[in-house]
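So that you can tell them apart, the chains are marked A, B, C, D, E and F in the order they are listed, and the count of residues begins at 1 in each.
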Amino acid sequence: MSTTPDFKFFKLSNIAEYVVHVEINRADRLNTFTRAMWLELEAVYQRLSYDPDVRVVVMSGMGDRGFSAGLDVHEATTTGILREDAGLDPGRKANRIRRDVDELQRCVGAIERCEKPVICVLHGLSIGFALDIATSCDVRICTSDVTLAVKEVDIGLAADIGVLNRLPKIIGSSTWIKDICYSARNFGADEALREGLISLVAADKPAALELAFCMAKLWAAKSPVAVQGTKELLNHSRENSVTNSLRYTKVWNAAYVQSQDVGTAVMSSLRREKPVFSKL
Amino acid sequence: MSTTPDFKFFKLSNIAEYVVHVEINRADRLNTFTRAMWLELEAVYQRLSYDPDVRVVVMSGMGDRGFSAGLDVHEATTTGILREDAGLDPGRKANRIRRDVDELQRCVGAIERCEKPVICVLHGLSIGFALDIATSCDVRICTSDVTLAVKEVDIGLAADIGVLNRLPKIIGSSTWIKDICYSARNFGADEALREGLISLVAADKPAALELAFCMAKLWAAKSPVAVQGTKELLNHSRENSVTNSLRYTKVWNAAYVQSQDVGTAVMSSLRREKPVFSKL
Amino acid sequence: MSTTPDFKFFKLSNIAEYVVHVEINRADRLNTFTRAMWLELEAVYQRLSYDPDVRVVVMSGMGDRGFSAGLDVHEATTTGILREDAGLDPGRKANRIRRDVDELQRCVGAIERCEKPVICVLHGLSIGFALDIATSCDVRICTSDVTLAVKEVDIGLAADIGVLNRLPKIIGSSTWIKDICYSARNFGADEALREGLISLVAADKPAALELAFCMAKLWAAKSPVAVQGTKELLNHSRENSVTNSLRYTKVWNAAYVQSQDVGTAVMSSLRREKPVFSKL
Amino acid sequence: MSTTPDFKFFKLSNIAEYVVHVEINRADRLNTFTRAMWLELEAVYQRLSYDPDVRVVVMSGMGDRGFSAGLDVHEATTTGILREDAGLDPGRKANRIRRDVDELQRCVGAIERCEKPVICVLHGLSIGFALDIATSCDVRICTSDVTLAVKEVDIGLAADIGVLNRLPKIIGSSTWIKDICYSARNFGADEALREGLISLVAADKPAALELAFCMAKLWAAKSPVAVQGTKELLNHSRENSVTNSLRYTKVWNAAYVQSQDVGTAVMSSLRREKPVFSKL
Amino acid sequence: MSTTPDFKFFKLSNIAEYVVHVEINRADRLNTFTRAMWLELEAVYQRLSYDPDVRVVVMSGMGDRGFSAGLDVHEATTTGILREDAGLDPGRKANRIRRDVDELQRCVGAIERCEKPVICVLHGLSIGFALDIATSCDVRICTSDVTLAVKEVDIGLAADIGVLNRLPKIIGSSTWIKDICYSARNFGADEALREGLISLVAADKPAALELAFCMAKLWAAKSPVAVQGTKELLNHSRENSVTNSLRYTKVWNAAYVQSQDVGTAVMSSLRREKPVFSKL
Amino acid sequence: MSTTPDFKFFKLSNIAEYVVHVEINRADRLNTFTRAMWLELEAVYQRLSYDPDVRVVVMSGMGDRGFSAGLDVHEATTTGILREDAGLDPGRKANRIRRDVDELQRCVGAIERCEKPVICVLHGLSIGFALDIATSCDVRICTSDVTLAVKEVDIGLAADIGVLNRLPKIIGSSTWIKDICYSARNFGADEALREGLISLVAADKPAALELAFCMAKLWAAKSPVAVQGTKELLNHSRENSVTNSLRYTKVWNAAYVQSQDVGTAVMSSLRREKPVFSKL
């Protein structure tokens, strides 16, 4: 990154040229999320989205116990989204909840809106909000000991921060999605790999990060115009008919095919040199 | 259920608290469907949808030979949807057919519109209309001896009661969907499991039912507000963009997060007690 | 086919009644595509779409080295879509590019718009434009030695002729799609089969073609009204909500259920004869 | 109609061949709607939709004071949709309300789903639910003394039975829609005519009915295949892109152009005779 | 135009720099359309769409009697779309009709797809297919004596070539659309102007053409990048949500704002000179 | 408002209980917008959206000369969105422009996203960006001397900040929209009123503000739950099919019908008292 801001709940480090590692930094509380954290999460990804020194992001949780155990339930039930509002009638309380959910959706959605690809490395306990984050990333890698769960049913509510909305777009089997979402049961790496939620399983966290860094460095060496355009077009296609997304694609490339990167890539390929792309 | 109505073609039984077992009751004709049956099917699911004593439904076919061999072809070709209408010009005949298909789509769609999750247990012969039913359910379990087929091409028509419309939404591989739909070929449990159409395969029908009941009881013990909200939100997401489904989710939970179930679930969790949720 | 036109870049042959084999005929240049070729590709499929003597199409590439190595890069960078246009300002150049991409999208889309099912047989090198073609076909079969890649990122641009728009509709795992599209890496038959991109893997090209012909003959023996209706309805469902596609399906069958094929199919079935369907 | 059923809250009469007049029959209570009435409203239109002796429907309110003063507020606030449910938590109460609104939406939507065109004649007081009905009809005619209002804001809620959802589809000026919906103010015939909500204004109720009957008889003399197809296609177009609605239209007419009505209409035109179309 | 091709049924003339006048050239048959004509219509607009010497098109009908009396009914009922096909079963006949309608929709849609704005001048008899054409144009001007009608109901079918699909997108009042479409009645210039179907009414055809030419010359003097982009964006907005069309707009202008036209326009404005834009 | 922040470019004042007047405060430069201003515009509306002391907003421009002459062209062409970026290739420049347009769209969209209704009062010169603002408001009022224009074509580009995307949603006549957008011509109050862009015309600015304040006070006296729900539901309906918006409406009111406002409104109505609604 061009500058390293002091974020409080996330540790950012350059692990290679154009590759940033974002770590959730609250290991003593199993990386559970408070409001201050999801607001900072949004700030982190808004920054990375436009930073010309960043091309790929790897996200993981600090500590050995897990990526994240979800929202901080204590905060949620005392001063947060699940708090009592004794003085409000149900209509007004509904307005308060709707705004709170809106904030959470917007903050976790910053990962999806980030123009750069994001690789999520899941280890240990990775439940609830962890899956809202993971499904907003582009690629998911996990350790063999990971414990995953769409946990919201167990606190008496339907998940509302993104996992139910994105799962049907990112994996194929509806029968499996309903199984895990109705039961809130744990599932592991093998099952997640088989169902296509996860790309790769590594033996442990260092190995998983190694895989992620390796993948990130590969992508970071490519044209950023090409990679970031691919993210935008794949996300657009997911939401639109083929006809509409072809129309959008045409206009996208009417601009971006004019970048120097095409010439650079073709030339380097002919000369069997490693291409160098200018910043974006 | 609060009361047990006398349905003629479906046997309903309470196999556990809040869990109803619906059995297709025409085993002597391989559970083929007549018009009277699909009209009753709709009535069954409309009733279950609002019955506060029901939280999960398991559906299966009576008898050893199979879940269902599809529509009753004799009725269909004599007095039913495929009948001749000698006196009608093709435009008027089109109107008659369109209304007949509308009725069939609406009746089988009652399973999907039912607010409670439905587990489908497929055994033996399970073809044609059986798959229209199965793809309208939430989760599918089958026996190892099951014979599945999208059979309509073999009677000279494109399937029109739901299977072609729902398959692309509930499994991932388009190349496989087209293979089975163009050929009308049989496929078995292993293939269905591998492609994600089926969640689990059991040795035989009793074992499959046991798996389904076990799953149903697990879900039935959860907050009904949470489970039924999850069904609605997953079905909404399947049909809408992430942006639209997030907007719908926000409003949904503005109301439902206010239910007692959140407090009940959180408290029970802290006290390590089994939560008891009031009826819905 | 009723008549065999002289196409220059595609060899068409009747390999069985109602089954046409289309071969890309530029093996000496690894079946790379020039503009003349994609314009002819559209002409081929527009012809096959309405030809009553054709019910199923098998598409493959001539020669041993591969299905296709993509666009002819030399033409693309000198006189084609990636050419310099020194005299044009970026806005006018954008217009030129947009029209060029429109033509490419339209030509490859002719395969999808073709009313008859198309089986794609991929062998050897099958990258770039090869995948734009393959994802426009209905079913994909490959050899065990196939090399597949979404290659565009390596020439500095996001793919714009269809592959990014169709992949999310035809396979389930988004994490895998992003992996292959951001990295432009090669992947083989096993991976493509596991992820559901490919239906079947054969030992070599003759075996793969044999499988394809076998599948094609099976489909060609079915009612063309049924098979072609199934293609239209499955493609419609992929793009629309269940509610909308059920509505479309009703109207479709209001017309097509009136064809003789239903009677022919039912009668043949009762008499255990092979049905003969008139041309469509 | 083929038979005249005994409806309790609606008077049905044949005012001409193929034209039915439906009158709201609770003039002593200003035609306010109770639950029994909207359930019967649905039954009336479900019957008319398929009755081959009906081609056009005219709907009006009995008595001199008005078309309808909306829902019966006494019932609504005591046993109906706006009742207290002291024993329910807000989540369960939400479920109850959602089901109640669902029923109301479905019942008034029966007018829109009715295959035959419906002309609405508004006179005197026509507010609240009256506009939910009117906007579900095809054509609206009113008397010069009519008083119209989207009244729901004045009872503390956003209208939820259809008027807010249909107004943006049936008239052009958003600034006017918002003006009348936020203020709940009365507006009259001239304003409604100018904004395109109303087709015609007549001096009084007999004159308005005369205009409606005249229009209805004109339509009823046309081919029912043509008129009912036009209703379906216009309603489809309102909800879909031009591309999608053209696709639907093609399939619709693939069936319906085959009706005898085309030949009958063309022949009658050549012979300058009044065409006679068979029932639909 | 750069070159003037010899079209048979359409007369093309340059009435000013960058402005082409297209006249339907079959006045002796009241400009009724045969198949040869609509195929040529498509060819005309495909050519104009990309011709850099054309910026605005004015379309009118030759002769005094009218713009067009619609399809050539004699051809339609003998060898055309409404012909008998004695030998075909209704399913196969449906296929034939669907393809015929597809061709007509595609040909008239060429006007909408034409990148340049098209002004339609309607005079005298302008019914049936005339309105399919007119609603595909951008702006409509008429003479005071024009006779307009959506005529299809009078030949026993619902209009299927575009008018029903585009009317709800281009004018506001649904009650009026249904009135004219169910009745197939004639309406004149005043009514069409009041309902927003028509922009301007002129005393007679020369005056109407004068108005159209004046408008066309005004537009032709503007930046073609700006005007053609405006056509594309307005047409896109009509079909898409605000959110989606804003996203498309962003990408569109990412390319086109880079054209020289912005600089040219701003400079000319400062210098109070007439801007000269290069060809597009 | 609960507190009055010091905004620099907008003057906010409470003109009545719950009614805030927002004035664009750069009259010496004809209220043209710089980047600092549109960023502040977003901040203003984000604040008003959640402020419980605000129920309705009236927006106008300070000074006599007009509401706004659009973007500050000097800033735009030197350091702003239309600046040269000599060092950037067209692809990278496209990225820069896309982000700039994104910011402008997001800032002006804050008016539409504001939960409270906004009335726009247009006077004098109101062109370019003025119409992007005006079309994001709910209701538009103008003075008889207003000069309106969609001006972007005159600076060589298609409008990209919202006016082209919203016009087709908020007025009916497409032929008029295209006329004003292709020509960039001025139009006045009468034309805007006739086409439904404007609700009311007043003699001069004080009279127009008086009308707006009057309307605002009327709305502000209504239940805020009802009025703000109506804004949300009308905006949702504009973008969605009737089926989808009815579904959304059901869930919305499942929560909001439970507010005290229904009881308060009904009781006040019975007692003929002015209702007092608690803050929202």
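The rule is simple: a contact is a pair of C-beta atoms (placed from the backbone, for glycine too) under 8 Å apart; a residue touches a chain by one contact, two chains touch by 3 or more.
In this text, all values refer to a predicted model and were calculated from it rather than measured experimentally.
**Q** Expressed in steps between touching chains, what is the minimal separation of chain C and chain F?
**A** 1
**Q** Just to be sure I understand the contacts, which chains border both chain E and chain C?
**A** Chains in contact with chain C as well as chain E: A, B, D, F.
**Q** More than half overlap in residue numbers between the two sides of the chain E-chain F interface, or less? Answer same or different.
**A** different
**Q** Fitting the CA atoms of chain D to chain E, what rotation angle results, rounded to the nearest 5 degrees?
**A** 120
**Q** Report, in whole Å, the distance between the mean C-alpha point of chain B and the mean C-alpha point of chain E.
**A** Whole-Å distance between the two chain centres: 48.
**Q** Could you say which residues in chain A touch two or more other chains, in rising order?
**A** 90, 93-95, 169, 171-173, 196, 225, 238, 240, 243, 251-252, 254-259, 261
**Q** Note which residues of chain F are touching chain B in the complex, please.
**A** Against chain B, chain F makes touches at 236, 240, 244, 247-248, 251-252, 254-255, 258.
**Q** Given the complex with chain F, which residues does chain E contribute to the contact?
**A** 117, 138-140, 169-173, 196-199, 215, 218-219, 222-223, 225-227, 229-234, 237-238, 241-243, 245-246, 249-259, 261-266, 269, 275, 277
**Q** Touching residues of chain E toward chain B in the complex: what are they?
**A** Answer in residue numbers: 90, 93, 243.
**Q** Okay, in this complex, where on chain D does chain F touch?
**A** 73, 77, 81-82, 90, 93-95, 97-98, 101-102, 105, 109, 112, 152-160, 162, 164-169, 171-179, 181-185, 195-196, 238-240
**Q** Considering only the defined contacts, which chain E positions touch chain C in the complex?
**A** My answer: residues 50, 89-92, 94-95, 99, 225, 255-261, 278, 280.
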